[in-house]
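Chain lettering (A, B, C, D, E and F) follows the sequence in which the chains are written, and residue indices restart at 1 in each chain.
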Amino acid sequence: MSSLSNLLLPAVLFFALGVIARLIRSDLRFPPDLAKILSIYLLMSIGLHGGYELAKADIMIALNSIVWALILGFTLPIIGYLMLVATRKVNPLDAAAISAHYGSVSAGTFLTAVAYLDSAGITYETYPLIMLAVMESPAIVVGLLLAAKARQTLAAKDGSQVSSISDNSGAENQSNFGSLLRDAFTNGSVVVLIGSMIIGAISTPSGMNKLFPFIDDIFMGVLCLFLFEMGMVAARRIGDFRKVGLVLAAFGIVMPLIGGLVGVYIGTSILDFSVGGATLVGVLAASASYIAVPPAMRLAVPEANPSFYLTLSLGITFPFNVIVGIPLYHNLAQALAV
Amino acid sequence: MVTLYPEKLLNIISIDSMEDRLVEMFKKYGASGYTILRARGEGSSGLQADISGFDANILVKVIVPLENLEVLLESIERKINKGYHLTVFVSDVEVITPEKFSKPLR
Amino acid sequence: MSSLSNLLLPAVLFFALGVIARLIRSDLRFPPDLAKILSIYLLMSIGLHGGYELAKADIMIALNSIVWALILGFTLPIIGYLMLVATRKVNPLDAAAISAHYGSVSAGTFLTAVAYLDSAGITYETYPLIMLAVMESPAIVVGLLLAAKARQTLAAKDGSQVSSISDNSGAENQSNFGSLLRDAFTNGSVVVLIGSMIIGAISTPSGMNKLFPFIDDIFMGVLCLFLFEMGMVAARRIGDFRKVGLVLAAFGIVMPLIGGLVGVYIGTSILDFSVGGATLVGVLAASASYIAVPPAMRLAVPEANPSFYLTLSLGITFPFNVIVGIPLYHNLAQALAV
Amino acid sequence: MSSLSNLLLPAVLFFALGVIARLIRSDLRFPPDLAKILSIYLLMSIGLHGGYELAKADIMIALNSIVWALILGFTLPIIGYLMLVATRKVNPLDAAAISAHYGSVSAGTFLTAVAYLDSAGITYETYPLIMLAVMESPAIVVGLLLAAKARQTLAAKDGSQVSSISDNSGAENQSNFGSLLRDAFTNGSVVVLIGSMIIGAISTPSGMNKLFPFIDDIFMGVLCLFLFEMGMVAARRIGDFRKVGLVLAAFGIVMPLIGGLVGVYIGTSILDFSVGGATLVGVLAASASYIAVPPAMRLAVPEANPSFYLTLSLGITFPFNVIVGIPLYHNLAQALAV
Amino acid sequence: MVTLYPEKLLNIISIDSMEDRLVEMFKKYGASGYTILRARGEGSSGLQADISGFDANILVKVIVPLENLEVLLESIERKINKGYHLTVFVSDVEVITPEKFSKPLR
Amino acid sequence: MVTLYPEKLLNIISIDSMEDRLVEMFKKYGASGYTILRARGEGSSGLQADISGFDANILVKVIVPLENLEVLLESIERKINKGYHLTVFVSDVEVITPEKFSKPLR
């Protein structure tokens, strides 16, 4: 499947339609809760499906996948942080908040990649789905740690003033950190995804059979609707492109390229997945969270400017992956597989 | 004739993920209740358009006796100094059941 | 089907997932209007289906079912009221408000029972569906009457003060009573259910054929989503368990057991239903309303404490029925059928 | 298919159920955003379907349909305006706002007509779908122009006062007009419909195949739900019947009859469509907008009374078309086809 | 110069099923209109979290001339005495179109 | 001690399709931000019930320094004279961060 035909997938076309709707300043608005409903459905469906398959899976490969998902989730933000600090375009707190997004994943991008593979008739393993579930949380933890480090650096530079604030609120920060950690692992998307996977794995087959029309037949239509809306959301952020500046915008493309390369390599050479499976690992590593991580960073790193990470993750990396990245990582996986 | 008694109404606008912390604060400082409305808006931290529910604000309203207001405002000011974006305003209101607002929650 | 395999039904597992999500304090929130949308869909689907079947039904059995549904709806709250007053743990107004919930029904529990029977391959009559529709309202009326009685009792005890209030507002109360009565019979759920049943019965078959994919194929998935959310709602109330006290909590389990026993008996011995049908009548009698009755009681018996009836109906009786009750009433129906 | 059997279509029956629910003052309320979600789905589905068919269509017929859609969209409001001014029951600004609604279309009515034809086994061309998309906007433009004219007339009569206001705000009005024009053509429904048509036309067939269960299987059920809600919305307005007066109410029936006649004639004799296609053109011409035009008129003609146009379009013309109009235009098309 | 005129703004927080009764009351006592916002909250009658739409509150706002306020407040007080949970507060506002608020609905 | 500074809170109730125009007005006249709540209501122009989202209102809140209020009110009055239905009221509030409200948006 050539990357051109990627552009003719209904899901990708609806994403483009959403972008266009905003660009021509249409008054089209989806109800605020619709995206949430659609993403609960998508996570539940893919979870049930995956769990059903995973019941037959090899536990060692599954564990191995989880370990590598954790490695990716912890390493990518550190790479991102170092790169961002090196650019000197953002302060360390902004760098911490931005890079946390890249350790986590975008379920929307993952599902588009699945649609891409399905429509090209390429098979893939189910293990990347576990990795999707696993990678939602660790990046948030790394983000917290990087921000703590950044605050120390700033305090050392700044002297008295900042540290006195920290003094005042040391205990509070401590408890905040604990509650943010808990939040990271009980995040809503994680619960729906892992819960559905378990249910898919342990349900009676007759029970699952009654569910398949719901989770299979209408899946692609719901995904189109979801990407339609995400196109509109992304386009709102594309306009802020100028605000973040060229260097940061470039980061929003370079970072997924690095992630994609690393991910595809791990998928192919370490986890020994098929071309389809390795493509999905590439997509996981390349994609940036826009649902779980932004609110976590707002609470954990309130000093950081949300425009930076929202514009990068939603306005640049997400469209880049959906339109250019997915076929690219696929080609990469094909090349490495030879 | 219904008698009216003066109270203070504290209003806070913030992102919706701050909700748990604000509620915790109200409970800690003896508020008798609170009311939350879903909102959107724009300010120095950009547009909060509540599109797709990703960037919603909340408007929180708490009626407190004057003597409780000070400690709540101090706690809010500390949060603002830490970097949280809170838009806060206080107004004078009159109530018919003043005893209701002096019984702490829980 | 053993009661263990009940626990492996996807619908029941999603209920459990919802409970767990709350217990681990996940930030998972369903949009506030989603439950309403899902329950409109569920009522419409089951109504259309039932109406389509009922068009071929025996009118005498149908009428007989309605009569017994009314008897159940009027009698169960009185039993509950007497039991509650006997415990001396709540005042008569609370007793009236609580017991009204047990004369009415929970469509969620009913649908879970249908899923349980379907997945065990047990057939059942359609008449219990009419009973479901009929039983929504009368309990509200009994609740109003019991509350009126309770107020008299309290006034007699209390002397002047309360009665003077009643004097002031005699006319208003009168009109309130009328409007509450009307509300009881034009309740939204009743309208969707009965309306859909009629449409299912009179529509052209070709018209119905175009509807079946909507009302059949995705039904189980929507039910899972609904129970997922209801699990979260129930879990919020389970925590209030301590507030209501042990005696009241016990009532939340004893009352459905009584209802279930009476219902299964009526289903088997009086209405002469199959094991499946009798199980459903048991579920109707055992279940407590959590959609129609609570707001009605808030308006009609504002003096009663909502924590009591919400905790009992949502936090205790509903989970009990979904997890333990349904297979129990089924076993009972099997035993009685012999 | 007789017009009686039209009344036995589930979609029409659900519309009636919605009306009845309001008349018996049921507390049934659909969540405010549900109608929007349902109509996004309906427009997307019908657009994808139509686009898929249109890819095989004759470009000349398509262009011809568009031209005639524009002619209808521009002419009908003028006819309506002249009739309304002649009645002397409303002032020219109200007449402008009301008549704009009749140049535009009601997608709900169109879809009911499609359901009617489908269930009667009558085939129809896809071109009317393009006409549906085209006709959303021009009527708004005509409405603006008529209102501008009406304001001049009033100013001429009234003398100084009104014109001084116009003076004050000449520049502002100018820019408003521009933005209203843009709004007319980037209207949300238009974007969803035309966008989906293009996607349906250019998507890979394998991609479309995955979408068909979503856009086909559950379509009729969603339409029923949508019409259920629209029945409630219409019934709220039927009550305002008295407020608008008999003459205006009569306009709400005469105008669609004129539109239907003209539309069927154009469909049969000019565009040379089959009976099914001509019926749909009749429905387009006969139906009045209730989604796109009302908010546009609120902004563009704030002086007009919204009760007038909402009552006419939603409370009178919409139910009339759904229940009486559709079979009527169909009979007309049959008669003309001979 | 825009002239501002004083009015009273009555705010009522209650469960959403009270809506019809409150509206009836406003109409009876000559209000010129009302505005309703969906809300959630917590107070002496527990948590109203608007989860699943089962337990939503409303916040009702009614602007009334001072002379209409008294009778509305009395009617509200009667409801509170009957057991209804109504959180009520009044504030001073200024308006530019005072005549608007003295024309009763319908 | 937290110091409180006086500001004006401008409230506007209108149909939701007016939103873009109101926001434009706030930006033009130097507001530092605004907050919007979804509402329904009833008034002289009929019922705005937010049923099916067809007829929703919005309640807009803007905190402005006294010196900016006048020009905003004049602009609103012009809109009302053109026929737009805007229900407007102003109230006194106190804030802890006055500088926040004097920085124009964008």
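Just so we're on the same page, contacts are C-beta pairs under 8 Å (C-beta built on N, C-alpha and C of every residue); 3 or more make two chains touch, one makes a residue touch a chain.
Everything numeric here is computed off the predicted structure, so don't read it as measured data.
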Greatest separation from subunit F - chain, by CA centre: C
Identity of the chain that, by mean CA position, is farthest from subunit A: E
Between subunit D and subunit A, distance of the C-alpha-averaged centres to the nearest whole Å: 41
Subunit D and subunit E, separation of their C-alpha mean positions in angstrom: 38
Contacts with two or more other chains, residues of subunit F listed in rising order: 37-38, 53, 91-92
Sequence positions of subunit A contacting 2 or more other chains: 29-34, 36, 213, 217-218
Sites on subunit B touched by subunit A in the complex: 15, 17-18, 21, 45-47, 49-56, 78, 81-85
Contact set on subunit F toward subunit B in their complex: 1-2, 4, 7, 9, 23, 32-38, 61, 63, 91-97, 100, 103, 105
Subunit C partner contacts - residues on subunit D that touch it in the complex: 5, 8-11, 13-14, 17, 20-21, 24-34, 115, 118-119, 213, 217-222, 224-225, 228
Subunit D - residues contacting subunit F, complex: 29-30, 32-36, 165, 168-169, 229-230, 232-233, 236, 290-291, 294-295, 298-299, 301-303, 305-307, 310
Residues of subunit F defined as touching subunit E within the complex: 11, 13, 37-44, 57, 59, 70, 73-74, 76-77, 80, 87-92
